[in-house]
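Scrolling down, you'll hit the structures one after another.
Paired with chain B in one complex and with chain C in the other, chain A is shared by the two complexes that follow.
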Partner chain A sequence: MTSYAFRRRLSRNFTRFCLAVFVCICLGPVLWAIVTSFLPLSAMTSTPPDLNPLNATLENYVEVFDTSRGLLSGLINSLIIALFTSAIALTLGAMAAYALARLNMPGSTPLLLVILATQMFPAIVIVIPLFLVMSRIDLIDKHIGLIVVYLSFVLPIVIWILKGFFEGIPLELERAAAVDGASPLQVFRHVILPISLPPLFATGVFAFIESWNEFFFAIILTRIHVKTAPIAIAEFSGQYQTLYGQMLASAVLASLPVVVLAIIFRKFILEGFVEGAVKA
Partner chain B sequence: MAEVTLTNVTKRFGSVLACDDINLHVDDGQFISMLGPSGCGKSTLLNVIAGLEEATSGEIKIGDRVVNNLGPFERDVAMVFQNYALYPHMTVAENIGFSLRLRKRPAQEIQKRVMDVARMLELNQLLDRLPRELSGGQQQRVAIGRAVIREPSIFLFDEPFSNLDAGLRIRMRSEVKELHQRLGVTSIFVTHDQEEALSISDCIAVMRAGRIEQTDTPENVYSRPASKYVARFIGSPQMDIFSGEFERQDGRLLYRIGEALFEVPPLINQPEAPVDIGVRPEHVLIGEKGAPAEVHIVQPIGPFTYVTAKWEGGEATSRVTGIAHLKPKEQVYIQFDPVGLHVFDRTTEKRVNLFSLTA
Partner chain C sequence: MIRAWNNENQFHRRRFRLGVYFMLPTVLILLIVLAYPILASLVLSSQKIIIASDGIRGTFLGFDNYTRLLGNELFQQALFRSIYFTLVEVVCVVSLGLLVALLLDTPSGRHAFFRVVLLVPWALAPVANAVLWKWIYNANYGVLNWIVVGLGFVERNVVWLGRPWLALNMILVADIWKSVPFIALLLLAGLQNIPNYLYRAAKLDGANTWQTFVHVTLPGLKTPLVISCVLQSIWALKVFDLIYVLTKGSPADSTVLLNYLAWRETFSNLDIGYGAAIADVLFLLMFLLALAYIRALRPRKRSANRG
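So, the complex of A and B:
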């Protein structure tokens, strides 16, 4: 006899099993990258790979910080670009989203669809014209060039996420503040902004990660001075040999900020996205 | 404190007419309820008075000032919302004191006035809590406190008790009534609950589809409804309204409803058009005399029992004091108490005075 309780336990365990498999598939490569980053090149290229932990070494990590490798400057460039992109995206995006959510402007729905439509072109379609425009206005290999490009795809998503959240804030809250004597700016500053911090953090982290990880536009729109971390990492794969150990060590290093951000703000991120989803 | 006068106020949302040519006068210190079903424009009217919505046309006066072009704060109104609208990130004390903080009052004064208000509303133990840590009734008291501390010239209440459970709703009614008696501030109270409006107000404006159908005291709205609509909206169970015909028999005047004939008092005016007659349950008498009918439904509610009796072509609900020992299908006789007859013109649906006893 299979009782209801048994069947329920069975189905719950099955769900858990599937989730576990999914997690392994996702984390497997990451784990492999971490392990490999501690191995000398010889251990990796031998067949089968020599995974003896006694061979573990930090040499990959030491070598990637050699300035000629460009990783350090890559990380700094990425940091500058990601910080500016997310700061600008949050500031502009919050204002635009608030306006779209609250002001009954004629044409706000088409406008929202246009904002979404900008996201429908594959990067490969726009990258050549973009390159031509950027070189004409002399923004190739400049921080601001990449920031502008990243904003063009981060900003629309930020607007959509925050719009959903702002719509979930009861209108009465703003009305109560207006009756209490708050100017529109004070309503935003004292009421809307404080209760919007979790979703703002969440979207900010999202914008940061998007621009931190971006590779395609970065490799085409930069040359020497503004190589970002992903480009610097890719360059470990050279014409004659690929320095897997160093490449993966840099990848691990480059992932650290993102992981740290996610851990610090995970409460906010969950809260923010759940609220945006449920209340809207 | 101030009086409020609305003259020909109209509010449109695109093609939707939410408030249609409203004229209303609220005396200084009066407690008036705007009563109507959802979607009748009562909340919109409140928002227009508050300055949260702009009137499409018409004039709004608070005291001697025309306030059409003033913001909510400049109108010196305070408002309590249905969903409380407490600032979720502020404590009870900060919520109540927010308006004073915006006006840059000294911290000491804010603290003192918040304490005064909190004591009055029995919130002094809760000042450091966040709204989400309070019960619904406590949240609503904070919302009221936030309005009271402003010492405004008008209180506006937008269905403040709708989200509370039944028992609490009745307690909050008396609390708000007591508050009004103590402060004497002109109050406009929006509700769809006729019992709430009857119990709390000095005056009731019954609204229907953007218009005011009747503005009068609770007694008059109940006992002299201006139209069929008001008659049906006020009172629970609803007034029974019949479309019958007058008949004369042996010099007596009767009103025929289906197969049953009911005795009515003599006429003071000849009706110009066919009329309908309405009777509330307390004026439908079950006894030994009258028109024969059959008991259909018996609903005891404690102090009263509502008995619905049917006859060929009609049915009426009677309020019987105490427990009625009646069973469905039982034969009874019903009469209408002459003092409780309401007569309405069948086409215009307006009240007409026809009988000598009800004039």
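So, the complex of A and C:
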């Protein structure tokens, strides 16, 4: 009996030790980046790093907001693009998801598989022709150009998630409204949408995170005016010299909003996206 | 009776009409930003594209871009390295993800705090992740050198991103760190779907921890494990941001993977037809993986219908 209790305590302590290691590995690199982003260059480049808290400074953060650095305009561009992309994806995606879930669309299963497969297309395949077309009609380095391209990967995810949710709404609810004389459009607007606000909002957050973080399309389809935040960060790690303090400060600033959003909406992310990937 | 049937019929007919209107904008956008470019990319890969002052002109080459590709040493190396990168990444991410999932499924690991911790690397922008590791790997002031020199593993600072194989593996480490959380969460969801009575039955039969893991947990996780492998291979083949920020393909093109090569040929060397051909090879690889994903999802659906 004692040996059993001892083994149980041992295994519980072992689990706790593993959990501690896990937390250190997950947060360590991030914390290190945050801490060093508050250090002046001299402290960052001394060996061992000089972590005296009295040296802490905001100079990296002040410098990244210098207009010539492009981070401020990058954050604004990212905000505009992410907001519009998620708003459009949510509107059109909710309509399409409802049609696929409830409005007897023929061939909805193959269509859904196509939508799922689009998640797996390499962006490089679509970006080359899009770049050629967009240069011809002058959409390179325009917000609208990037928003339309971002719909190519945001819209399918939005449809996929919302379809699962709409399927869970009892059909009797819609039938009852129809008996009361509501047209299908009125049913959608006055019955379906109001009860779907929480998932709609959370899906919007996800679409926002995806378009805020995007880098590959942005580096090809923008030049000067529409540079997004990820591009501004990458530019701090330049070809000739890397401004480490500013690079880290800008990465911290650009990551903060999405990490906070992800933590606030974690319940939805865990239930909606993670389990959605397993359950078809 | 007939009236009820008519009403039912009308209910569905009106809903069908609305459905068509609701699908139109989405179908139109997906045709423009997905279907057209995919077809156009196949056409481009058969051409030599010349960018002149008066526009873009293409000359038909047939399969020349593809034959050139297959004979090109850099392409072969990039293909080989992409396969190596994908295999190592999938094996590491899925096994580490499984370990983390099992850890978070223990009584002390169930606390919500650990899930919040797990979301941090996942939500981080890929570029921020790249920048983070660039600083950690820095040869002169990076914390990694400070640790390994301090612990006496090596005598002098290592230039982590300066040697061919080493640089590729360091990129792998950074990508694995960022990818484990999602897969761990996916497997954790799978673990929680395994019915509890199976564990109780195993205990009654006198199975030890290892036997329970092999005979209950692993079979129960089959679908999530297959899906994790497929999704992770797709994401590994797409890796770009890390290479762009950490090495730009250096040293000596040793960190050039397929996706990066296609980008560089197209947008730096302006060899658009050739770049499109590389992109299409990548597309084919991912298409096969996508088929595997859809197949992996199907059996589950059938059993759900039955139940």
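Quick note on the criterion: the second predicted complex is superposed on the first by the 233 of 280 C-alpha atoms of A that agree within 3 Å, B and C clash if a C-alpha of one lies under 4 Å from a C-alpha of the other, contacts with A are read in each partner's own complex, and residues count from 1 in each chain.
The rule is short, and it goes like this: a residue touches a chain if its C-beta (ideal position, glycine included) is under 8 Å from a C-beta of that chain, and two chains touch if they have at least 3 such contacts.
Just so it is clear, the structure is predicted and the values come from calculations on it, not from any experiment.
Q: Just chain B (first), just chain C (second), both, or neither: which does A:130 touch?
A: A:130: touches chain C, not chain B.
Q: More chain A residues touched by chain B or by chain C?
A: Partner touching more chain A residues in the overlay: C.
Q: Quick one: classify A:54 as touching chain B (first), chain C (second), both or neither.
A: Neither partner.
Q: Check whether A:224 is in contact with chain B, with chain C, with both or with neither, and answer first, second, both or neither.
A: neither
Q: Output check: A:216 vs chain B and chain C. Expected answer is one of first, second, both, neither. What do you get?
A: In the superposition, A:216 contacts chain C only.
Q: Examine A:182 and indicate which partner it touches, taking first as chain B and second as chain C; both and neither are also allowed.
A: After superposing on A, A:182 lies in contact with chain B but is clear of chain C.
Q: Check the residue A:98 against both partner chains and state whether it touches chain B (first), chain C (second), both, or neither.
A: Touch status of A:98: second partner only.
Q: Looking at the overlay, what does A:5 touch: chain B (first), chain C (second), both, or neither?
A: neither
Q: Determine, under the contact definition given at the top, whether A:266 touches first (chain B), second (chain C), both, or neither.
A: A:266 sits against chain C, while chain B stays out of touch.
Q: Taking the contacts chain A makes with chain B in one complex and with chain C in the other, which residues are shared?
A: 175, 178
Q: Can you name the residues of chain B that touch chain A in the complex?
A: 47, 50, 52, 71-73, 77-79, 81-83, 85-89, 98-99, 102-103, 143, 146, 150
Q: In the complex of these two chains, what residues of chain A are touching chain B?
A: Those in contact with chain B are residues 170, 172-173, 175-182, 186, 190-191, 194-195.
Q: Could you list, by residue number, the parts of chain A that touch chain C in their complex?
A: 12, 15-16, 18-19, 22-23, 25-27, 29-30, 32-33, 36, 44-45, 47-49, 92-93, 95-96, 98-100, 102-105, 113, 115-132, 136, 148-149, 151-152, 155-156, 159, 175, 178, 183-185, 188, 209, 212-213, 215-216, 219-220, 229-231, 233-234, 236-237, 242, 244, 247-248, 251-252, 254-255, 258-259, 261-263, 266, 269-270, 274-275, 277-280
Q: Given the complex with chain A, which residues does chain C contribute to the contact?
A: 11-12, 14-20, 22-23, 25-27, 29-30, 32-34, 36-38, 40-41, 44, 55-56, 100, 103, 106, 108-109, 112, 114-128, 130-136, 138, 140-141, 143, 146, 150, 177, 181-182, 185-186, 188-190, 193, 223-224, 227, 231, 234, 237-238, 240-241, 244-245, 259, 262-263, 266-267, 272, 275-276, 278-280, 282-283, 286-287, 289-290, 293-294, 297-298, 300-301
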